Amino acid sequence: MSERTANILRSVRSGRVPVRAALERLKDLPYKDIGFAKIDNHRALRRGFPEVVFGAGKTVDQIVKISQRIITNDGILLITRAPRAAYLRLRRRYPGMKYDAKAMAISYRARLAAPKEGTVLIITAGTADLPVAEEARLTLELMGNRTEILCDVGVAGIHRIFDKRRALERAGVIIVVAGMEGALASVVSGLVSKPVIAVPTSVGYGASFRGIAPLLTMLNSCSPGVAVVNIDNGFGAGYFASLINR
Amino acid sequence: MSERTANILRSVRSGRVPVRAALERLKDLPYKDIGFAKIDNHRALRRGFPEVVFGAGKTVDQIVKISQRIITNDGILLITRAPRAAYLRLRRRYPGMKYDAKAMAISYRARLAAPKEGTVLIITAGTADLPVAEEARLTLELMGNRTEILCDVGVAGIHRIFDKRRALERAGVIIVVAGMEGALASVVSGLVSKPVIAVPTSVGYGASFRGIAPLLTMLNSCSPGVAVVNIDNGFGAGYFASLINR
Amino acid sequence: MSERTANILRSVRSGRVPVRAALERLKDLPYKDIGFAKIDNHRALRRGFPEVVFGAGKTVDQIVKISQRIITNDGILLITRAPRAAYLRLRRRYPGMKYDAKAMAISYRARLAAPKEGTVLIITAGTADLPVAEEARLTLELMGNRTEILCDVGVAGIHRIFDKRRALERAGVIIVVAGMEGALASVVSGLVSKPVIAVPTSVGYGASFRGIAPLLTMLNSCSPGVAVVNIDNGFGAGYFASLINR
Amino acid sequence: MSERTANILRSVRSGRVPVRAALERLKDLPYKDIGFAKIDNHRALRRGFPEVVFGAGKTVDQIVKISQRIITNDGILLITRAPRAAYLRLRRRYPGMKYDAKAMAISYRARLAAPKEGTVLIITAGTADLPVAEEARLTLELMGNRTEILCDVGVAGIHRIFDKRRALERAGVIIVVAGMEGALASVVSGLVSKPVIAVPTSVGYGASFRGIAPLLTMLNSCSPGVAVVNIDNGFGAGYFASLINR
Amino acid sequence: MSERTANILRSVRSGRVPVRAALERLKDLPYKDIGFAKIDNHRALRRGFPEVVFGAGKTVDQIVKISQRIITNDGILLITRAPRAAYLRLRRRYPGMKYDAKAMAISYRARLAAPKEGTVLIITAGTADLPVAEEARLTLELMGNRTEILCDVGVAGIHRIFDKRRALERAGVIIVVAGMEGALASVVSGLVSKPVIAVPTSVGYGASFRGIAPLLTMLNSCSPGVAVVNIDNGFGAGYFASLINR
Amino acid sequence: MSERTANILRSVRSGRVPVRAALERLKDLPYKDIGFAKIDNHRALRRGFPEVVFGAGKTVDQIVKISQRIITNDGILLITRAPRAAYLRLRRRYPGMKYDAKAMAISYRARLAAPKEGTVLIITAGTADLPVAEEARLTLELMGNRTEILCDVGVAGIHRIFDKRRALERAGVIIVVAGMEGALASVVSGLVSKPVIAVPTSVGYGASFRGIAPLLTMLNSCSPGVAVVNIDNGFGAGYFASLINR
Amino acid sequence: MSERTANILRSVRSGRVPVRAALERLKDLPYKDIGFAKIDNHRALRRGFPEVVFGAGKTVDQIVKISQRIITNDGILLITRAPRAAYLRLRRRYPGMKYDAKAMAISYRARLAAPKEGTVLIITAGTADLPVAEEARLTLELMGNRTEILCDVGVAGIHRIFDKRRALERAGVIIVVAGMEGALASVVSGLVSKPVIAVPTSVGYGASFRGIAPLLTMLNSCSPGVAVVNIDNGFGAGYFASLINR
Amino acid sequence: MSERTANILRSVRSGRVPVRAALERLKDLPYKDIGFAKIDNHRALRRGFPEVVFGAGKTVDQIVKISQRIITNDGILLITRAPRAAYLRLRRRYPGMKYDAKAMAISYRARLAAPKEGTVLIITAGTADLPVAEEARLTLELMGNRTEILCDVGVAGIHRIFDKRRALERAGVIIVVAGMEGALASVVSGLVSKPVIAVPTSVGYGASFRGIAPLLTMLNSCSPGVAVVNIDNGFGAGYFASLINR
């Protein structure tokens, strides 16, 4: 931030800007206050991607207003856990708006980013883990990553993952999405020299306790090279993967 | 029990046994009350193996008295979580008494049983899981089973287990002993058509929560054919395996 | 797998198969990739029973496609947590398809297997545990086992189980299904010399915490010879019992 | 309390006691403030037994001072979790002082109470549960109850409890002390028409979680007529049993 | 049971009953097997009250059949968590049938029992705890106890309970029903010399965790004389109170 | 209470009041018993604010009756978790009755209180935490406090809170309402010399476990000066803040 | 911070300070980096009290170095969980250094602060809760508050607290320290119109789970006006109380 | 693996290698079986770093034997949770062996790796988190990474982290090590566009539950870009960071 501050100081020295105004500018932090929300306009600069909207618990009106502000600012929009109604409203104004029903996410990108070279491979243990995987894939693609999905290769038939050795080799980063006992993350990590981001899902029953079982499995992986995000948090896994994909 | 009861009834009918005495006999259940313990003499008949002594929290005197009673009755003795001092006392009287330091178990068998045909394979994920595996092995051998141990084949280097395919094929029953995330049970079960008895261990740290993580992993195994015993319960796994080994 | 590999190697030596093709074959692992699922065709060979479909969270279309593939391959089908709609669609094509409403399971068997000799006895503590017991029974029968069910013999009136001594004696394997405090598994195990597979159920209220109370009870059974499967997992208990039934 | 208050009021009316003094007396609640402790002298009157001292975390000096005060007041003393050193100091002054090493409790009774008619039966599942049972027995006897102990009759050999039917019939109240899975409370309760007070103990290992498993078992007992006290709380069980013993 | 057995033995001796028939009788335990349920006819004799039906998870048909059997046998019926529909069906046949909507319980008593002398006082912390209190009251009255209810006297305004001193004094047994933090049980117990049965309820929010907070509070009561039943288990508290009410 | 008691005593001495009547008055504690509830009329005197009604689980009739009694007594009413129907009924009689839909609370104040000087600042981490914040604000205003709300300033864009330094400085007390990981309370507390009351909310998913994650975060704040109330308990936070606001 | 910033800006305008130096000053945040620790010199200004040192896990050398720096800066020092050895070292240099053995805390105050007018009352349920209460008292006194301690007034003999009404009335703020079931906080809060800060302690056994039971009790207090700090956190309670004491 | 397999196949075709020998080679998986351990020689090739030895629970002899094997194979060694005795033995043979007392780790590197360009910044919230940070640093340096450590910048004095903006900017990857409430990870992540690996530590007391509190905080971070490893798992964080550092 020192460049901007130095400019303000120079303006003060030259007398172009009075002390009071400079004080205000130094305080003027870059976000937009629209009452029920403070949109962090600065985030795309600071973090490389604008604020992502968590749709659950917001009204359609709130979502639309926040979305317009973000698109104006950054040209990219991602809303997770989004109601379809918000999509329908937004599409009227932004025809390029997309809705991914599996991931329950709204997305928009004004200009296509030049994709990164590396590929992120998303692996699911079962078919029921797909919605979480889709949320990860969507996040990754919006952030300019190539992705590949390998579905239903859980450890009950572990030869299925060995057969996909080539996909494992192609990837620069791997996301493993698994519920039930979540053993797949350890197994995959043991086969590769790449970072594995593990996403426990709430798929399972009884003593899986809505995702606690795979969460603990993944945190305790006997194979190093695994880091974990929250239960069902496909967006978080995708975001993290994008940060480390080259 | 009807045979014994029928005999008592016949004795009553024939007048050989008066009603009062028959009443006593019908009530006379087969155990030995030695005050601080009631030794279940009947158990070897009813369950195929005498009462196993849980050594922790008993004095050496108590252990010795209980042990003498069981040996007299059944000729076989197993004490888990046993203090070495009890072993030293017992060995004076029973030279064939054995102490397994790794498993912390005292054992004795007057006559060698004709071993069963089937083999029980015990697999551990890591070296630290060995004491639990030893407890299982000892229990199995005392109950007349052949055993084989495969040590340190955790999923971090999963090719180690694939290399041991033949051992997997030889076994009639498999015990998997694993701490940390406990994924090995699911992987092994997915490779074979044999029952897998999973023993979670308290090996691990942080979020393994002294065995809760592998316990949940094993209960939620996505591969059917796995049943679970208590954390660190090598004895329980061995006992169960012996019941199903042919 | 060495037989198949040896054949491939012999074909290479004889020149019948070029190196590149042999490489492919060695990699060609036996499953069918139908996009959203990878059906493990090899499982019936490897594990003695084809892949079992977990119906929850799958569309009817997905279930139907997966089912056709499995029936073609193996002639046996089991779908747990199955929607009735999937059954109705499947029945049109396979008139022998069955739906068990209590267990919420679809099943199909092209040819009747010669039943095994041993009987598996399923015992429930209460009437409310019946759906889980039914899931176990169905799984067992599909896998060629004789079964017997003893219902509502919980420990509140423990003489009911003593009266069924003969059924306990007849059985080769026993499954105990119990919610609330789950004490029945320990009691039954203490009476017999047979393996007891314990299934905790989510039946109960308050501090049963949807099955945690009986799960802990069963894991801590003071009577050896008990192994445990996941809460409400009748299928898992049946599958495991079939593996150990003679 | 109205009798005492009426007397004070009458004294005021008659002029024998001025208003200010009466005010003080009405406020004068019956306990003794000795700085680090407020001894509830009134408790023996209000609750039928004086305050019981929890010895853990108190210095010997504190224990001795509190004890003298209670003995002076009520002639009965019970200290649970008591250090032996406190006993040695107290015995010098009160030769009748007793120390129960198993229960780790100090007790004293100036005059023997006429014992109640009813008997409280204390049953333990295993030998390791004895210290908790002893704490209950000691409390009961100090409060003037007859007791009987049945030790080591856990459900692994359930015929041992059936053989003790007569002891069950003799008792007016039953205390069941059990660790591991704690199933004994349900079984005993199912056999009798008497109240069963269940004490879970921290005896066990792995998933008994230091008493949580038997605590949940006992709270969820499928057999009505069971109430539960804290883990290892033999004193609490004895105290409650004394309140209901006739 | 020895009286009945002695008679059988005498019949055998006298030749009136052949051995085989005697064997059958000795085995003939007193319950009625109606397929989906085994009704414990013997329970009223053994335990002083017939089997209580847990209505949840049973069909109306099942409830009706079980109810008829119990009424025929014992003339008393209690069904907890009962669907209103079952009541309507039963009332057609038994006009004296009653339904308590607050407690969601069906009850019936052919002949009024001579009430016991003692009174059981039921205290609730808040208005929302009433349904659980009602279940306790109904159980108690059916078992021939006099009851009194004190409602909404939680510790936030503790003078309300002090004002009810007389009710506390009248009672022989006290049941405290409380959710949220459940402190009322300790406070009441500290005031009286009577047994307090504490029932935690799932009333509360956030960190009350559906009854865990008051359950722990009650188990840890610093005031002895408190025993605890399961969360929301008004029936269990009433049943236990009846066993100890004189 | 001594003033009132002294007066009664003086009346007794002077003979104006007989002993029996004085006894009654001394016992006459100030609440109104309306059967299903005991309204604590004394609370406004004793605690500075009348009893607050927890609307959940009460019928509209019960709420209306309790409300009338409180308004008559104190002229102020607050009902949390209130059904709209109760509001509609109450408004007919009390036109000044208000309903805050976001907070789901009914409130009424006959006379406006002179507001306190200090301001309570309520800060939320996200938009979804607003209903809890509203409940706090409403409680505060009814109790005569000035409030200010800062919304959506979570630590993901921490400059938003730094920009609001002036609001932080203005406030005498700060309430922080946050779900997910709840880190905002620690951060805010580290910036100010004022008490921070932290309210964890159940906003979040997966491993936030309906508010447990922010609850633990707030209890473990590395910055002193934070105290915590129950999950989602905006009312409790507002009430506590009012007690400490000057 | 705007005053300091304005001064810097004025210096720049007047040419007294060059832009580069001003930049440094604007960045120069007020803490001292001594390698293994960054001492927050600014804290006494920002928060009204210097950084408090958590002694556990620091070497004596580290503690001494940090302490010297804080005393030089602020003249006040508080070290919680402090080893006696650190005290002995510090006393050599600062004769006024104090060690409170019960609270295990080192404290120092160069100049006595003019005490605040209000009194903070600290109440403990039992004698074993005293060390936590002492930590609170020490913190309060160092921060210039008058304190009073009421010890051993738990709810088992609730009249002891009623007798102390005057102390309750004198206090401006109340801290309640309680283990076991922690009911005292709710009871005290129900009697007063003052803020109650509740400190759960790890005193208790069995199902108190090292403080979880009283923590939940206090969070769920049915009496508003209670806020909670971490288990055994006497310092945190004292610090918070000082912030709100007038 | 296809290159090695192709070579074997080519040897078979050319007749140089008979089928049986080829079969063996194809099976010959690259690890060394030394009885109590199976050393995964292949891991350095497959995963870029040799097997890391978990020292806890292994004898010095076992550690020494495993270490020799790994050094011979790969020239790099890392042993975490290592006993000093093992270091002393190993140093005799390998003078370059190092022991890091803070991290309790033994390390050895035959040849210095050319360091990677990127820097990994390790930040700790407090001084007590240092041992975990050291374990991470050591792992990183052994794997050829540049590291930087920022110590004691917890959110209680958040300006300390803002002052270190430049270090944040220099880093390619950031590891945040924090106990207590663990809020630092969210705050740091909100300031940067780099991946943040969060390590919860067991530092804290009371309701931090040995690391559960910061673990949940980090999993629920409201700021995306955070992934989590096990409690106290500095090694895991360092290993993962090395995989993503460029």
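In order of appearance the chains are A, B, C, D, E, F, G and H, and numbering begins at 1 in each one.
As a working rule, contacts are C-beta pairs under 8 Å (C-beta built on N, C-alpha and C of every residue); 3 or more make two chains touch, one makes a residue touch a chain.
Nothing here was measured: the structure is a model prediction, and the numbers come from that model.
Colleague: Among all the other chains, which ones are in touch with both chain G and chain H?
Modeller: The common neighbours are A, F.
Colleague: Sharing over half of the contact pairs with G-H by residue number is what counts; pick that pair out of A-G, A-B or B-H.
Modeller: Matching pair: B-H.
Colleague: Please state whether the interface between chain A and chain F is built from the same residues or different ones, using more than half shared residue numbers as the mark of same.
Modeller: different
Colleague: By mean C-alpha position, what chain is farthest away from chain B?
Modeller: F
Colleague: If chain C and chain E share one sequence, what is the angle of the rotation that overlays their CA atoms, in steps of 5 degrees?
Modeller: Fitting chain C to chain E on C-alpha atoms yields 90 degrees.
Colleague: Just curious, how far off is chain E from chain D if you go by their C-alpha centres, in Å?
Modeller: 26
Colleague: Calculate how many whole Å lie between the centre of chain B and the centre of chain E, each centre taken as the average of the chain's C-alpha atoms.
Modeller: So the centroids are 41 Å from each other.
Colleague: Using Cα averages as centroids, what's the distance between chain F and chain H in whole Å?
Modeller: 50
Colleague: Going by the touch rule set out above, which residues of chain D reach two or more other chains?
Modeller: 27, 126, 156-157, 190-191, 206-208, 212, 215, 219-220, 224, 230-231
Colleague: Among all the chains shown, which pairs meet the touch rule set out at the top?
Modeller: Chain-chain contacts present: A-B, A-C, A-F, A-G, A-H, B-C, B-D, B-E, B-H, C-D, C-E, C-H, D-E, D-F, D-G, E-F, E-G, F-G, F-H, G-H.
Colleague: If you look only at chain B, which of its residues touch chain E in the complex?
Modeller: Within the complex, chain B touches chain E at residues 2, 5-6, 9-10, 12-13, 15, 19, 22-23, 26-27.
Colleague: Quick one: in the complex, what on chain D touches chain E?
Modeller: It comes out as residues 1, 46-49, 52, 165, 173, 190-195, 197, 215, 219-220, 224-231, 235-236, 239-240, 243-244, 246.
Colleague: Using the touch definition up top, name the residues of chain F that touch chain E in the complex.
Modeller: That would be residues 27, 29-31, 35-38, 40, 42-43, 51, 54, 56-58, 62, 200, 202, 211-212, 215, 230-233 of chain F.
Colleague: For the complex, give me every residue of chain A touching chain C.
Modeller: 126-128, 130, 151-153, 156-157, 159-160, 162-163, 165, 203, 205-208
Colleague: Chain E touches which residues of chain G in the complex?
Modeller: The touching residues are 125-126, 154-158, 180-183, 186-187, 189-191, 204, 206-209, 212-214, 216-224.
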